[in-house]
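In the two assemblies presented below, chain A is common to both, partnered first by chain B and then by chain C.
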Partner chain A sequence: MHTFHDFITSFWRESLKTFKIMSRNKMGLFGFIMTLLIILISFIGPLLWPPETSANVAQINKGSSPEHWLGTDFQGQDNLRKIINGGRDIVTIALVTGVLSMLIAVVVGSFSAFIGGRVDSILMEFVNIWLTIPKFPLLAVLATVLALKDVVMLSVLMALLDWPALARQVRSQVLSLKSREYIEAATMLDLGTPRIVFRELLPNMMSFIAISTIFEMTHAIYQQTGLVFLGIVPYSSANWGVMISAAERRGVLFNPQAAWSILAPMAAIVLFQLALVSFARSLDEVFNPRLRTGV
Partner chain B sequence: MTTITTSQTTPSTLWSTIQKIRSSYLWRRLAKALFSIWLVATITFFVIRAMPGNAVDILIQELTAQGMSAEDAKNQAAALMNIDLDQPLAGQYLDYLGNTLRGDLGHSYKSAGLSVTDMIVQVLPWTLFSVGLALLITFVVGIALGTIMAYKRDTWIDHLLSNVAATLDAISPYLIGLLAILLLGLTWKLVPIMDMRGAMSPGIKPGFTLEFLTDVFRHVRVLLLVYVLSSIGSWMLQMKSNTVATLGEDYVTVARARGLTDGRILTAYVGRNATLPLFTRLAISVGFVVGGSVLLETLFTYRGIGFLLARSISERDYPVMQGVFLIITISVVFANLLADYVYGWLDPRVHIMGEEN
Partner chain C sequence: MSEPLITLEHVTRTFTVKGQTIKAVDDVNLTIPQGEMLCLVGESGCGKTTTGKMIAGLLPTSAGRILYHGKDIATIAGNDRKAYRLGVQMVHQDPYASLNPTQTIYDILAAPLQHHGFTRGEYETKRRICHLLEIVDLTPPDDFLEKYPHQLSGGQRQRVSVARALTVLPTFIVADEAVSMVDVSIRISLLNMFARLKDEMGVGVLLITHDLALAKYFAWEGRIGVMYLGRLVEIGPARQVVEHPQHPYTQVLLSAIPEADPDATRAKPRVALRSTDMPSLLRLPTGCTFHPRCPVFAGEVCENIVPPLEKANWGSEAACHLVHANES
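And then the complex of A and B:
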């Protein structure tokens, strides 16, 4: 327990230091704040501005106006309010898929690296073969046949399909760290595996883990919108992906008046993905001092 | 030493063939490719046939709901999927593998009587053409821009291209496709999106005529643009960092000291070494682009294999879905194999070391 507590405190200290370095990179800071803002709005926003329940026939497919900043959709509902209410699914999918697939990848990848030998080579052979299979068609077929109803189950399926690529990266990270002098010293001092893993290995892989998780998150968002477009994920709840494909199905692409209805949710998704990616890139700079500019 | 003694003690030709295959890079890669195809075929079979609430059961339910007797529905489903439902699962699985090997993928459930193989043969060339061309363009342009970024490091052109590349890289292909339709078709009215549906206009005869080729290009151009835009970002960034790393190598400094021209250093020293690692990414990119084709071909109503997969999914046409998915996987796996062979040919170290790393 002691080592775990140490890990948490050192993690907290590192986070503070990280934030200081990050605030020097404007794009990274923008990404970080934007990500937090989108997550907050997606979870708190619906409580303040609950979704509209009825259609408004007088206000169909209008552009931006003082009452409706982002215009109205094919049902005459306010686009901004729909966007506030449509973020939760997307954020949940991104977080669950990202964290879960990374968790599996860290466990399997470091296990593989530590055990070595035949287990390692069989695992990696499997991963290499898995990587040649096109994931999105596989996901589409599996999601169709399994007929998943809720967001978390879909995220679990995506994580199960996506972890092998991450596991291979984790393995090579662990292998390269394992041969570093400070880890070898810790091993020779016989500090115990938990201490080596939590105090020496994981903190040094934190940047890599965070960045890969974030990229997996953007990937999950992309896959989810794709599944919605193909009509595989049911229209049970409003989310940005559903808004886009509903607008597309209503022929909004050929009606200049209604462009707001498709541009608004697209902007929301792109903004979230861009925020995540620029946050990840700045993390890279934080953890890899050689890349720092203007310091 | 051990290999010599084994081959002496076991003179059987079969054993030496196996040894030869094990030691040959080309054969080992081929064996792996075949294994991944088998893996996918098996996964699809068990997902579609063996899981609770599987596709065959749903198919039978739908057919009975249409007023067929239970027995007839079962026979109909079995005929469509090309399996004998009275056999144990293992037998069905072997039948399925055998049929697939013979190129018999069953019959469509929604488009009555069409064989899945025929449907695929009709659309596959269009996808191979569009995706292949897109990959080629992306690769060449991405490498050129990446090299420029590296050579003009920290100038405005590098900052501009880097930001464009990072942005394009972050946006999913599907959204780029929607944006292309909105901007090119609707706002700027540059291309008639409605007339571009399909892979070619009706009434035009395929052949090496100028009319046919221009028509094909007219239909594919926006799709190509979207493919290129959606994957070029990562190529540019990767090529830039490879080139920057190569420029710092000792042999480049030595080449400069020897007074070689910049052009020669770029082509013979920097370019070759910086491009090499990208060939391994080519394989990953094939899968990514083909995966994106499911969405983009549907968005642009381009009748390729991705379009067929999307349609079979929305119609819940399981025999077609299973067959198309298998063919997509086989194409990607073989594209990977090809990329590996090209890489092995360009970088002989891969052969010698095998795949130990």
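And then the complex of A and C:
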């Protein structure tokens, strides 16, 4: 029991320390809080404000008003409520694609760098060829052929398409790090491979990994939005991409009155992206002690 | 003389670069007794760092053997392997690259201590770390524990590197140009620190340097080995090598060291080289590799036959056809 208590206290201490470092960068703190808020609202919001089920013909394409802060859409439904209900898909796509593609990239990239020789050449040649294929058209074709039903499947598909570029970057990072003198020193001190990988190598790559993951997340959001906009990914669920697509189909582009219906989901996407990117900035400071000022 | 700690037997190391083979270290024989201060000097590219890395086990040899307490380090196993792995440590040249930037000084020093069970618990580890920091003159130690490497100066980092090597109680430290990148004012105190390690902990040190003046200061009680294009051309007690250099290459090197007094420098007899160009490692000269530049070049024998390292005068050994021991 004693060790469990120790673990909890040290966990708290570390979290507090991390938060302190993060709060030094105002932009980063904003990003962190915003990201957390968007995730919370996306998952808890729908329970409090479930989606409207019926159209409201009296209120079609209205602008902002005290009752409808972000206006109403072509069915007379409240845009804000739709945005609250449409966040979960976007967040899921961002998390699953970002984390999964980075995970594959880290495993393959470091494997390639450590094994070297022929295995490395073959893997990297594959990646090179892969990089020449235009990814978005391929994704569009695959998504059509596979007739994806839910967002998790779509996220997995995007992750499978996107990992090679990341793997290449991870490989070059590992190649540069593994010959550093402090790694040599750790080898001479016989600290063991797990320790060298997890305590010496990975922490030096963490800021790179975190930031790449976040950029992959933003990339995935744009791809999903694009697919929905093209009408390739099914409409079944309501999310921000679907909202844009639906608004566009209803001729919003030619109807100034309906601008709210397309601007609101766009703003939501931009805000989430902005939050993620600012969050990445403060993560950089957490993982790289050299960037911390005033310690 | 005590039992040799490290023995190099015909050690050779080749590298293949774009299909061409380069001999970085060629047939080096060396015996290092326990607690010796040995200095390897030579120009850049002469194989001194490669030799150091092979002794530290970071590079395998291409031919020949390295023995630690009489056991070949390439095939050593079990407890002997562990004794060797921890017994021989290295301090790198670049103090800015040799410490992990994401760890505090405490983390860096605690890892080997705890991993190998030298200390148990946080209190004991901290006490040992403070003691180590005091040994390397980082006082008061408490000021350094929570610092990151980037918050220290080059000299301080180099001291942390030495402290890290000392965590596992080594018997031998390879210091590869360990003082070359720090301020001149810090060098002497670092060298003195190494000397103290020998006196207090019995740690032998191999200092690799291109600076003969530094070697002279460092190895005053020990030996100096001079390397040229992968071969050990002269080795002997430091004082004798400096005052009575046997090999013509050593003589040239010594004559090129400027003295603090400009008049003395001017008055110093200069030994002129026949050529100032360093031969390419890809096309090593035949015979004695120094012959194209040698001031005392003696024709065919130098061009064709590799001179063996043989006993010369003043307790030194030299690899030169023209140097013979005076039997007196």
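Heads up, the rule we're going with is that the second predicted complex is superposed on the first by the 263 of 295 C-alpha atoms of A that agree within 3 Å, B and C clash if a C-alpha of one lies under 4 Å from a C-alpha of the other, contacts with A are read in each partner's own complex, and residues count from 1 in each chain.
To be clear about the criterion, contacts are C-beta pairs under 8 Å (C-beta built on N, C-alpha and C of every residue); 3 or more make two chains touch, one makes a residue touch a chain.
Owing to the predicted nature of the structure, the values given are computational and were not obtained by experimental measurement.
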| item | value |
| --- | --- |
| Which superposed partner A:Thr144 touches (first chain B, second chain C, both, neither) | first |
| Partner chain(s) touched by A:Leu191 [first = chain B, second = chain C, both, neither] | second |
| Partner chain(s) touched by A:Leu230 [first = chain B, second = chain C, both, neither] | first |
| Chain A: partner with more touched residues, chain B or chain C | B |
| Partner chain(s) touched by A:Glu181 [first = chain B, second = chain C, both, neither] | second |
| Intersection of the chain A residues that touch chain B with those that touch chain C | none |
| Residue ranges of chain B touching chain A (in the complex, touch as defined) | 32-33, 35-36, 39-40, 43-44, 47-48, 51, 53-55, 166-167, 169-175, 178-179, 181-182, 185-187, 193-194, 283-284, 287, 290-292, 294-295, 298-299, 306, 309-310, 313-314, 316, 318, 321-322, 325, 328-329, 332-333, 336 |
| Parts of chain A lying in touch with chain B, wherever the complex brings them together | 125, 128-138, 140-142, 144-147, 218, 221-222, 225-226, 229-232, 244, 248, 253-254, 256, 259, 262-263, 266, 269-270, 273-274, 276-278, 281 |
| Interfacial residue positions of chain C with respect to chain A in the complex | 56-58, 82, 85-86, 88-90, 92, 94, 97-103, 111-112, 115-116, 148, 150-151, 161, 164-165, 167-168 |
| Residues of chain A that touch chain C when the two form their complex | 180-182, 184-192, 195, 199-200, 203-204, 206, 287-290, 295 |
